[in-house]
Each structure stands twice: as structure tokens, then as C-alpha cells.
Amino acid sequence: MNESLHLWLIPLLPFAGFLLNGIFGSRLPKPAVTAIGLLAPLGSFLLVLNAAAASMISAPENCPQCGPVTAAVSFPYAEAYAHPWINLVGLQADFSFVLDQLSLVMLLVVTGVGFLIHIYSIGYMSHDAGYARYFSFLNLFIFFMTVLVLAGNVLLMFVGWEGVGLASYLLIGFYFNKTHAANAGKKAFIVNRIGDFGFLIGIFLLLANFGTLTFSEITAKFLPSSAVRMVVEHGVMMLRHATNPLPSAGVLTAICLCLLLGAAGKSAQIPLYVWLPDAMEGPTPVSALIHAATMVTAGVYMIARTHMLFDHAPKALTVVAIVGAATAFFAATIGLVQNDIKRVLAYSTISQIGYMFLACGVAAYSAGIFHLLTHAFFKALLFLAAGSVIHAMGGEQDLRRMGGLRKKLPVTFWTMTIAVFTVAGFPPLAAFFSKDAILYAAFIHGTSGKILWFVGLVTSLLTSLYTFRLWYLAFMGEPRSEHPHLKSTPLSMLAPLVILAALSICGGWIGIESFAAYLAPSTGVLKSAGAAANPPLEFLLGILAVADAAIGWYIAHVFYHRKPERPAQLAAAFPAGYQLLANKYYVDEFYSAVVVKPLFTISKYVLGWVVDTAILGGVTWLLAGVASLSGMILQRWQSGNLRSYAAWLSLGSAAVLLSVWILGGSFHSAAYIFNIDFLNGARH
Amino acid sequence: MTILQFFLWSLLKVVVVTLVMLMGIAYTVLLERKLVGRIQNRWGPSRVGPFGLLQPLADGAKSFFKEDLIPGAVDRPLYLLAPIISLSCALIPIAAVPFGPPGVGPDRFDFFEISNINVGLLVILGIASMGVYGIALAGWSSNNKYSLLGSLRSAAQLISYELALGLSLVGVVLRAGSLNLRTIVDQQATRGILSWNVFGGFQFIAFFIYLMAAFAETNRSPFDLPEAESELTGGYHTEYSSMKFAMFFMAEYGNMINVGCVATLLFFGGWTSVLGDRIPPPHNVLIHAFLPIFWFTIKVFGFLCLYVWVRGTLPRFRYDQLMNFGWRFLLPLAIVNVIGTSLWLAYR
Amino acid sequence: MPRSSYNREGIFPGKSMQLILFFVFAGFCLAGAVNLLLQTHPINSALSLIVVMTSLAVLYLLLGAEFLAAAQIIVYAGAVMVLFTFVVMLLNAGREERTLGSRAAARVGFPAVVALLAILATIILHTPGLDAVRLGRDLATATPAGDHSNLTLLSTVLFHELLLPFEVTSVLILIAILGAVALARPGHEEGTAAK
Amino acid sequence: MTFFHQDVPLSWYLLLSALLFSLGIIGFLIKRNLITVFMSIELMLNAVNLSFVTFAYQWHAVKGQIFVFFVMMVAAAEAAVGLAIIIAVFRARATLSVDRIDLMKL
């Protein structure tokens, strides 16, 4: 019943685009580069839509337990290629893609938003020298991201994981001749390495304790225990024996914490969030696609993917929740005082992802994914709008030098307004539903949940505060600097803005219940939804959320519109606090003092002088000496004289013949030397 | 028969055939001189004997008694070896040539062929190809630039045209399915002239190629560049005199005869009559024995006449023309012929 | 008349003929090979090699491989060696001078060769089954195919079982031709020294 | 006459081929002229061919002869290329002595 969806094409098209643009891009004319760069993601987007259509028929009840269904494609739908990809004792990793509700949603986001941002980039990068290079990198990112999402086992996912890291590194350092950009790229790369280190350890632990890395098999381990059970693998139901028993809770917790470290690294959560703000050095569309919409949410996706592990490790879940809440709060506070428009958005991103982690932490994965979806829309919108502002002001990013852009950039203004209201969480815009779902899920999550809920509430106040601050500073009031020439924004940039605006208006109207129901097979049932739902309470909480969003708006209105001098006074009143915030809690300084400087010292003195120069150098010198000495002896052999070669050759052949003869033992076997077996074969 | 008888008979065969061959060579020379004379509207040799029939003997005696001078700078052993190689390579191939059907005579002793080899054709070609050495060594050993150039030329020419020659024969071999000359002849005997390879076997292209290549192989005009007097004063045998020169001379005509024999065997039905097996073999033993030889000789004679005719009429090629003709025209043509023949045989 | 009546009986009847011919031509082979070593001028060596090859052809004939005998003469004696003599003439290579290039050749090589020969001889002489087979009486047994030429069998095997190797060899030869042309074309090789 | 009335043992052919092979090696060892060295290679090839034909006879196997056929073809190709190389070397070095030609680069 499973018709082939050709999942392999989804990553492959962007990869082809990457190769074409990367190799020939510099020689191709600009339109050709554009065509290649656009067609690749468009193709994979259409394929994803096709997959969605194929699966939508009676999609919700597709799950391993409920047997055959009437859909053209039943989830989880898997394609395996060239398998076994890795076939070692104890390690079986097929090169297999799996498509289920979760990965479908994620794919829609990645390819859809990705495609929009590709379009946007045409206008934004039009005057850039590295046009082809930019598009090839963007396609490369799409390729790796789709691999990450489609991966059927942790190992393949890790491949995509590293790949998107690479793409992000390349794109952050796109303007590699700017020192900041290069350093930012390096920073992102290194910080991600720390996270990936955790991820790797997690993978090893998984392999050691489960003996498999395939998601479906891991899930199977948790199914109600019986010697033989049904497992869905490669899209067919097959019997599989339960091998080694379930590991202990401690081990599970350890695994989950390692995975969490990886997720935190990729998704810029405490303690590894420091790279994201610097990542804003890259081109704005990149910030929108990679560092807001898709890549940074990969951590959330990963946690949702491996939820079967987290479900059985409550401690780890608590940690996830705490990390998420803390990140959300701190990032929001920092966002309050940033003056670079993109940095404000970066911190907003961090805090929003904090929300998602919070959701995952309270086992409301579908809520987290829901927020991921909406966030992808409005945050991409925010970034793109900011991008068009920057584009219009010729690269100006400082909020204090903007202002009064409302009339000059009407489209940008209105879309930005929609985005701002969305972020702040006003109904009926998308973020309202998702954030509301998260807060509700947190609230009903035991007593500790109440605290998390409160933090989330405060954070949403801060959120609306800093977003409206941005809004007022950029668009309201009078121009604080004369911008000589406002470049007109091309249509290719405006169209994505409008589309994304529409999406972030109605993206949430699905409603968490149906969304959660749809995701249920792959992320488990959402407790807060369905039976346990408590409409009045939910309504009350919604009112509260909207209220404090409104408060945030009011404060911002007072501070940045009616009495612009007030913030300065406030900063003067609490210098310490202001400095603390302005310097982002000195986290970077702390890291550099605790980690970076000692590392440099050790590397320079201990590793550099002692290990490298003395030990390794000495050993190498010794080896080289031995080698050259024996070379000096042996080189007399290679006299270059043909006849001496012949002499040694004949000696060697004599030796070989003798040895064969002697090893052969008897003359009969010596005779065997002669019976060249192809002769034996052709006896007549 | 006993080994002794075998030896005696074989000896007899060899002696007879060799003598016939030598005489043939001598009189081919005469034939050429007379014919060319007629072509050029003059009498050929006519003084010695009736119609100059004894001319060859006179020539032989002359060249035998002439002073045999050997230049000082030559590489002596090779200089002496070269003409021997040439002549022997011209005389040996006849050993593989059948003049008539087997089994005539006491207990199926093969009178009409010195040795019946399975791959007789290949043997003839091989020995003919050895003839290059005679010329090459002659030119090289006589330490003279004209000789060297001539010998290099002729060696190159021989090698180039051997390809075309061999390929042109492949068609015939394919049709007969054997390299045994007698098998090939028998297969042409069935319907007389209609089943000769050159007609019935559709091998006329092959024959044309063979003809051209044969002219070149024997260094005959229009391909007689190695001894182009105008440029090379005599080519590889410039430094040779008297008997040694005569040996080269004989070698050339011997080769002509060999080539003629091969052509007869492969394309013109060998010793079989024009009607082939249509007419029953005569009862008279003598006629039965010598009719084949008659036919064979007639055919070879015609071929030799053709040789002389061509020499009398055609001018000499230029060297590059020669090479181009061999490589660019004959060789592809031969390949096409092979392909065509095999297709024809496959779909017949 | 049927082809089978043309079979190879009556070339050399009698076993002693085998022996005589073997000794004669084996003698030629060895003499030629030794002469190849003794001669100082390459052209003489080439000629003696030709002697070796032609007499080898006769030995092939004795061993019932008449096609190979012919091929030996045509390919080796007729083509390859002509090439050699050509090159000798072309380069006008003189007598080789007695240079002392390597002591290893003398001190290692000759013992090695002697050892090799000794081992081979012992193995050959002590291997059963080799003396069992003897070339004898009528050569018909010599040809694996039996009554008429083994050419048919040869070509059958060559063009059915071993077709691919055959084609590959043709490609090889083509490449060799190209390589030869590319190498021998004057003017493009480094430092064109004394001509 | 008794001697003449015995057959030829195959081992004699093999011995002959072994002898020729060794002579080829010796040629390789003692000859200084590049062309002659090449000739001794051909001599070795021929020796091996002889043993192939002998075994083909012993086993009544045609494939032995076919192998010789292949060896011949390859030898022809080898001769063509090898001699071309020799010509090139001579053009470059103006000598054919293997003792003089002992450097890869000019």
C-alpha cells in the first residue's frame, strides 16, 4: 500500500544545487545561478507537499499499533538505501529515511520557509559579490537539514546535525574578510563542538545499552514487554525479538542529559547560547533561516524525536524544563537593552526556543513543536522585516539611529507590526495559541509546573516589552539620524514578507488539540489536551497571558514613545543592573576567563612546548633518523643500473621457486606448480 | 612404404621442383624481356638460340663468370648472408604449393606437393615475410647510403603491404574454412569457373587488393621504389655484383612465381580445370597425372604475363603515394572486404 | 574428396624422425641463444635471435601446434624482429663497449641463474607424468583435436570462451600503437641530443 | 640405432625451455646494449612459450596454445612501445648503454 515517495530526492535536489552553484557558479550568469538556487529547494518543497498529500488520507490514526490503514502512505513511512550503510558487529546503521508526522511537519517548515527565504535572498544579496557562493551554501544547508529531519537512525541524524553546523559556520563567516564575522563563525563552530561532544557520548551510550541506533527499534524496546513484538521498520511490520533488556533509569537519564547537551548546543540554550548573538554577523536571510526558523530548533526536534527516552527519564525532563525556562527568562532580560536590531531578535529567538524546551520539559512535545512551527513563521518574518529595514538603510543596524520608518517603508512596517503583535502573543495571532498551549501544559504539570508557568508568564511580559521597544524605536517617532537615501525594497523581498505575515496570522488556527492529535503517533499523546483539558482554566490562563502582553506593550509605549528620556534615567538609577544586562551577564567574559584563557595557556606551554616540541618532535626526529639511515644503506640497492636489478630479480625468482618447491614438500606438488589450473580446466 | 623409400621419393620431389622453379625463374626473365620489348615496339632478345630461347642460360653463365668484387667497407658476413636469405626465402614457399590432387601414384604418396601442411597458406606467408631480412641486411651491410635508404624503403613497403595482403586472403580462408591449400582448391572445384573464389566466391575485391599488395611485395613496378635507379642508383643491391646480384635478381622473379601460384590457388581454382568436377577425371593415368599441372601452369603463366604487362605500361609511384595507397586505401578496403565476406557467409 | 583425407599423416613417419628433428632444432635454438650472448653487435644478436625463433617454430610443429608455428614465424620472426633490425639500423647502433656498470650483476646474478636452472632441472626431471607422455609415432595424437587441424578447436575456444580477453588484447595493441607513435614522434621529447 | 628408436620425453622440451630462459637472464645480465637486453627479454618470452606449448601437449589442452597466442600479441605490443621508448631514450641520451642510462631524469 506504500507508494514510493522518493524521499531521497528531497535532500538530493538541494545537494545538486550546491554542487552546481559551488563548482560552476562563478562562471554562470546570475539568472542561471538564481534559477538553480531556487529550483532546488522548490523541488524538494513540492516533493514534501506530495508526501503530505499522500499521507493526509486518514493520517491521524496511522500508528504502529493500529495495523493497516487506507492511506496511500502509512506512517511511519521509511525508505532504506544502500543498506546496510554501516554493518559492524553490534552496530547496524542503514542509510534509511523515515517520514512520519513529526518529520513531515518539520520538513514543511524547513523547505517551505527555506524556499521563501531563498526568494527573499535574491533581492537582499543582489549586489553581493559572493552571490553564487551564498546560494550554494544555502542549498547545502537545506540538504543537511532535510537529512537531519528525515534520518531514520541517530547516526544519520548526527550526519545532518554536523552538516547544518558546517553550513551555519560557512554562512556566519560569509563575509570572511570581516574579522567579526570570521570570529563569530569560529565561535559558533567551537561552541557547537561542545554540544556535539555531548550528543556523541549520548549516541555511544545508546549503542552500548540498546544495541541499536534506529529510532523504531529503540521505540520497540519500550513497547509493552513481551519476547516477540511487532515493530515497524522500513515501512513493513516485522517480528523482532527483544534483545538486551531495558537499561536502568540512571543510564537513561545519563543518555538524555548527553542528548540535552547536544540540543542545548545546537539550539543555543544555557549554558551554550553564547554563539547565537554573534552569529548575527551573517547575512540577515541566513539569520532568518538558520538562526531563527530551522537549524536552531533542531535541538527541539531531536528531543521530540527521542521522546521515548525522555519519557522514561523524568529527572532529565525536569532539567530540560529548567534549562528552557531559565534560558527564556535570561535571554529576554538581555534582549531588553540591546541596541542592535538583529541582536534583539537573536535574544528573542533564544528565549522563544527556551519556551519550546520548557514545553518538552513538561512532556508536551507536540506543544513545543507547535510553537516551533509558529515561531518559524513569525521569527523569520521579524528577521526578514529587519533585513529589509537594514537593506533600506544601507546596512545600518543600530536601533538608536533609526526611527520614523513607518511612512518610508509601509509594507515592511505593517508586516513588522503583525510580527510584533504575534511575538507578544496577542490573539488571534499564531504565537498566542502555541505559547498559550505551552504555558497551560506547564501549569498543569504538577507543583513545579506552577513555577515554570510563572517564569514563562514573566518572560512573555518581557517579550512583548522588548519587541514593542524595537517596534517603537525603529518605526515610530522622528528619524534620529538622517538617512540620505532609502533604497527601495524589491518585490522579491516584499513577497516573502507578506506570505510569512499571512502565515504568522493564521498559522495557529489549527488549534493545539488537533495538532497534538495529529502528532500523537510520533510524539506521544499530549496530556494537557483531550480528556485532561480544562477549558475554563485554559481560558483564564489565556486571559492572563494576553493581559501581561498588554502591560508589556503599555510600558514600552511609555518608555520609548511618550517619554523617550525615561530609559536613560532608569539606567542611571540602577547602573549596576543596567551594566549587568548590557554586558549580557558577563557570560562571554566569564567563559573566556574560565575556559578560553586557561586553554590557550595550556596549549601554548604544556602542549606546544613540552608535548609537541619535546616529545613528539623528538620521537619524529628519531624515526626520521632511523628511516634516513636505513635509506642510506638501502639506496645502494637502487643503483639505477638495469643489470643489477636483473640480478636481484633473478635471485628473488630463484628464492620464490625454491620456497614453493620446499613448501610444496614433494615432487608431486612440485609438479603441481606446472599444472597451471586453467590448463586442467580445459582438458580435452 | 618404408622410411628409405619415403626419403628417396621426397628427395626426388624436392630436386624436381627446385629445378623446375629455377628454370621457371630463368624463363620468366626471358618472358619479361620479350614482352616488354613488344610493348615498347622492339624485338626482345633474339640472338642466342632460336627466338633467343637460350638467352637465360647465357645470362646465367655471364653473371656466374663475372668478377665478384666485394667493397672494403661492407660488413662481410651479413653482406654474404643477405642474398642467400633472399633467394632461399623465394625458393622455399614452393614447397607448400600443391600442383595437383593428392593420391596419384603408389600407395597414396603425394607426388604433387612437397609437403602438405595444414596451415600451408600461413607457412607461405611466413616465409615470404622472412624475405625482408635479405633486403634489409643487404642494404645495411653494404654500408652505402643509397643501399640503406633503398633497403629501409623496401622493408617499410613490405611490412606495410603484408597487412593488406594477409587481410585480403582472410576472405578466401573464411569461405573455405581451412588454411589447407588443397581444401581451398577443392572447394573451388565443385562448379568450375563459377565457383572460383574470384567469381563465385565474390572475392574479386580481395583479388584486387591481393594483386596490388603482391606487386608491392615483390618490389615490382609500379611499386619498385627500392630499386628506383633515378634516385637510388639501384637501391639495396647497389654494391652487389655478379652472382650475388643474380641471386637477388632470381629472388625477385621467384617471388613473382610464388605470388602467382598463391593467386592461382586461392582465387583461380588451382589445378582444377575451367569446368572443375563437371567433367569426370580421365582414365589414362598420364593424362590424369598431368592435366592438373597443365592447368596450374597456364594460370600462373597468365598471372606472370599480367605482371609484365603492368610493368610495361604503368609509371612508378612516389613514395608517399605508395604509403598512402597502402595504409589509407588498401587496408581499409581489405577490412571492409573481410567484414562483408563474413556477413555474407553468416547470412547465406 | 573428403577433407579428412588431407590429414597430417605422412609428414614424418617414424619415431626416430621426432628425435632427430628435436635434437637438430634444439641445437639450433641453443646455438642461436648462445650466439645472441656472444655477439657484440646488436644486428648479429638480432639475427641469432631470429634463428632461435624459427627453430622454435619447428619445435612447435613437432608438438602439434602448427598454427602457433606459423604465427611464431609471422609475428615474431616476420614482424617483431624486423622492428628490432629496423631500430638497430635507424639508430645505427655500433658495437657495445665493455663498461663496468654493476658488480652485483656478476656476483649475484650468475649464481642466481645457476641456482634457478638447477632447481628447474631437478623439478622437471623428478616430476612424474612428464616422462610418461612421449611424442611418438604418428603426430595425429599430437593434435588435441584428433584427425584434422587443431585450428578449429583453437579458434572455437578462442572466440567463445576467451572472447573478452581477445578483444581486450586488441585494445591493448591499439593503445600500444598510439603510445609508440606518441613516443617516437620527434621534436617533443626533452633535450634532443646528438642525432 | 636403439637410441634413435626411442621417443622424445616431454621433459626434454621443458629442459630446453629452462635453458633458453636462463640464457635470456644471462643476456640481461651481461649485455650492455639496450636493444640486446630487450632481445634477451624476447628470448625469455619464447622460452616460456615453449613450455606452454609443451604443457598444452601434455594435457591435450588447447588453452595452453591460446595462452602462447596471447603472449605473442602482448610481445608484439611490447616490442612496439619498447622500441619507441628506446628511440626516445637514444634521442635524449645519445647512447644505448644500460650502464650509462641509470638516471630517471636527464
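Letters A, B, C and D name the chains as they come in the text, with residue numbers starting at 1 for each one.
Simple rule for what comes next: a residue touches a chain if its C-beta (ideal position, glycine included) is under 8 Å from a C-beta of that chain, and two chains touch if they have at least 3 such contacts.
Keep in mind that what you see is a predicted model, and the values were worked out from it rather than measured.
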{"item": "B-C against C-D, pair bridged by the larger set of C-beta contacts", "value": "C-D"}
{"item": "Computed distance of Cα centres, chain C from chain B, in Å", "value": "27"}
{"item": "Distance between chain centroids, defined by C-alpha means - chain C, chain D (Å)", "value": "7"}
{"item": "Between chain A and chain D, centroid-to-centroid distance (C-alpha), Å", "value": "68"}
{"item": "Chain centre separation (chain B, chain D; CA means) in Å", "value": "33"}
{"item": "Multi-chain contact sites of chain A, meaning residues that touch two or more partners", "value": "639, 641, 643, 646-647, 650, 674, 682, 684"}
{"item": "Sequence positions of chain B contacting 2 or more other chains", "value": "none"}
{"item": "Residue numbers of chain D (touch at least two other chains)", "value": "25, 29-30, 56, 60-63, 98-99, 102"}
{"item": "Which pairs of chains touch, using the document's own definition", "value": "A-C, A-D, B-C, C-D"}
{"item": "Chain D-facing residues of chain A, complex", "value": "639-643, 646-647, 650, 674-676, 678-684"}
{"item": "Chain C-facing residues of chain A, complex", "value": "639, 641, 643-644, 646-648, 650-651, 653-654, 657-658, 661, 667-668, 670-671, 673-674, 682, 684"}
{"item": "Residues of chain D that touch chain A when the two form their complex", "value": "25, 28-30, 37, 55-56, 59-64, 67, 98-99, 101-104"}
{"item": "Contact set on chain C toward chain A in their complex", "value": "101-102, 104-109, 111-113, 115-116, 119-120, 123, 126-130, 144-145, 153, 157, 161"}
{"item": "For the chain B and chain C complex, residues of the former touching the latter", "value": "3, 6, 75, 77-78, 81, 101-103, 109-110, 115-119, 122-123, 125-127, 129-130, 132-133, 136-137, 140, 148, 151-152, 155, 159, 162, 178-180, 182-183, 186"}
